[in-house]
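Below are two complexes that have chain A in common, paired first with chain B and then with chain C.
What follows is the complex of A and B.
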């Protein structure tokens, strides 16, 4: 299988080959991959790529999945327009 | 910010029954769902359910939805339904931020019930971004909700109940299921579903997976290969199948992101689909007054989700100081129903997973 043709993160177009390359550079945690390659930061918020990334890390580090931490999740889960947040804040006042 | 007595997030089978029990006990409920219609997976389940009469066996999922929404209709202004509303942020003080269209607003709940369900797992194989590669849930939505055929010739990947049932539904819609591949050495779902599609002539190939999708602008064929005991593909075992659709049904992962945002303790349990919240006897998470049920707590059938929803609804109502008739007896009976649903070989995985989580089954 050619890892260049396997998409791991559809939101940011990250292939399995990109992930392997980052592993070899020493980035082997979800948090690092997220910061460098943006996996898990797109519209799906890791709901598509997350489990695949975790699985690849587990295989690379030869650790069971239970020991591969998932990424930290923070609000907001969707893109929200600043105007909507501003209007909500004005309503509160 | 509006304060609510009880907020239920997710209007699928678990959320609907949790809301019903709360309403029955006299509580006010705000039920939030991001879709246009309530029902979650029930909206696309055209097959009949198993189990006992108590979980609406021999009814189709879509009809169960009608029964449940009709019951909700009795509670008038005690029930507020917010559809097309997505909870986008969840905070430790039980404040939720929501988005509905262009509107952003905050709610706070005395009790919050999470019934957010699960998302489908994706599979890494070559050209997995080619149009024609679908998740099984998407195929079900297209066919059963919108009446659109996803293609003419399908390769199904995964033999859990979803893979088996969607294969059958594809055939009902006149689509050819060319083969069903399963990476494990045995069929994952109920044998009664598997036998049905086998009788209709579908090859179920175990120890086999998809290697790559082939096609220029969309799927024109799929290459499958056999797997060894380490789940690695065996070179030379490749076969090409002429298909225009690859349907991926390789399991579900609980949607815990909102719970994790508010700092609820979760644990990774493979058998339950991934990270799941750690729950006490009451189905309460590590944050007081926050409950979880359904696929979010562990991946199971809608029947179990409905039972869990009822248990959570009763528990939450009681902790709100509402009196629930025969509560102890009913919880005991509901727990018994869960035990029955999880009995036998099909329940092995869930029982093993719950044991790892420290839940008595």
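What follows is the complex of A and C.
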């Protein structure tokens, strides 16, 4: 299948071909890929694409998967509405 | 890794990349940039992606204005596809008469320097941002040429342009010590080996004080964690960045659609960039009150980054008096990203002994000697 037609990151619309191109430009860590292509930075926070990106890096660098650092996961775990956070905070006060 | 270079720049954020580019563009290509993690992993990549000229001191206004002029042509000059620059303004809202007087003074200063800022009534502000809650808004200022810029892509543009001109970048390379002999720079030691050099440039952002200490140069700055969050992307609904010093908020919708927002608090100085629930609570309350529809958006991520604060909240762009060859670009006090282009220009001029593009006395490290600084830039969130 053509890498241009394989979507890796659905949130940010990043294809496998985009990832290959970035590898060839020298961006071979998850953190760099995130910042240049927004891969893994959408609403799902890399819960969908994370493992696939890590796997592709592992294949490209010919390094075992466990030696490829996963991306730095940040809060929140799930999207929460700002108004809900405000109301909960005010309830507690 | 190279074991010799003329100039070693410490820090792979906008400042380091812009200084490297300017040096190489002027013909000085024997330059190495060292970055502890990856490019933009520090303050640059953690900032709010805003660029503004509405400042309260002459130096900050001048540096910001000239930097915006560069951003307007950055893609062409650096031969880069898209840095996501948009000029849809900064709307600054104030809460009372006292802040209104400050606005009056600021706008006068800004206009005298050619910055197209103006004062607005709450009604006029609401025309620009229709979902702005004007209860508790006394007056506002607006500058239409302020705006948004993607910190990752802007730094990448400088990085690639510098690299094409011969600069070497080493990432995941941490400086462990700086070698000084008889008051002169001799080299740096890193976790990957040492590099002999004549000049070291400290562009280490939040870690600038620690780098200064390695060279035996005391820099009167401290770092503070400022938190920030981003929402899911939605269709376009807000053009300018909305900020307020008294309400303690900045909030913009990026061209990509996500809202990004932050605020400060009285936190102890330190190098932590942790995320806290307290910030999330306070941010949610502030934004939902000032920009009610934004409250319906989901927060998808929060993080922290370091403001490197100088005593007068203006940058330190300087050579150290006591260590020859040690140059300092730090103390940006939360606006190092938007000042990046001029940091690059002015530091390269200083290093190469050229006539500076603007007076540098007020940016020199020596300005703090024997002085208690009581007047400082107040326009910082």
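Things worth noting here:
One rule holds for everything that comes next: the second predicted complex is superposed on the first by the 92 of 93 C-alpha atoms of A that agree within 3 Å, B and C clash if a C-alpha of one lies under 4 Å from a C-alpha of the other, contacts with A are read in each partner's own complex, and residues count from 1 in each chain.
Rule of thumb we're sticking to: a contact is a pair of C-beta atoms (placed from the backbone, for glycine too) under 8 Å apart; a residue touches a chain by one contact, two chains touch by 3 or more.
Predicted, not measured: the structure shown is a model, and the values here were computed from it.
Because the two structures share chain A, they can be overlaid on it, and in that overlay chain B and chain C fit beside each other without clashing.
By the document's definition of touching, of the two partners only chain C reaches A:35; chain B does not. With both structures placed on the common chain, the touch criterion links A:85 to chain B and to chain C.
Once the two structures are overlaid, the count of chain A residues touched is higher for B than for its counterpart among chain B and chain C.
By the touch criterion stated above, A:45 is placed in contact with chain B and with chain C alike.
By the touch criterion defined above, A:77 reaches chain B but does not reach chain C. By the touch criterion stated above, A:66 is placed in contact with chain B alone, chain C being left untouched.
Shared-chain residue A:8: touches chain B; no touch with chain C. Note on the superposed arrangement: chain B and chain C approach each other to a least C-alpha distance of 8 Å. Note: residues 45, 74-76, 80-81, 83, 85 of chain A belong to the chain B contact set and to the chain C contact set alike, using the contact criterion stated above.
On chain A, the positions that touch chain B within their shared complex are 1-2, 5-8, 10, 16, 45, 47-52, 56, 65-66, 70, 72-78, 80-81, 83-85, 87-88, 91-92. Residues of chain C touching chain A in their complex: 37-41, 45, 152-153, 156, 231-233, 256, 275, 280-285, 287-288, 294-303. Chain A contributes residues 29, 31-32, 35-36, 38, 41-43, 45, 74-76, 79-83, 85-86, 89-90 to its touches with chain C in the complex. Those residues of chain B whose C-beta lies close enough to touch chain A in the complex are 1, 86-91, 97, 99, 102-106, 119, 121-129, 211-212, 233, 253, 255, 257-258, 260-261, 268-270, 274-275.
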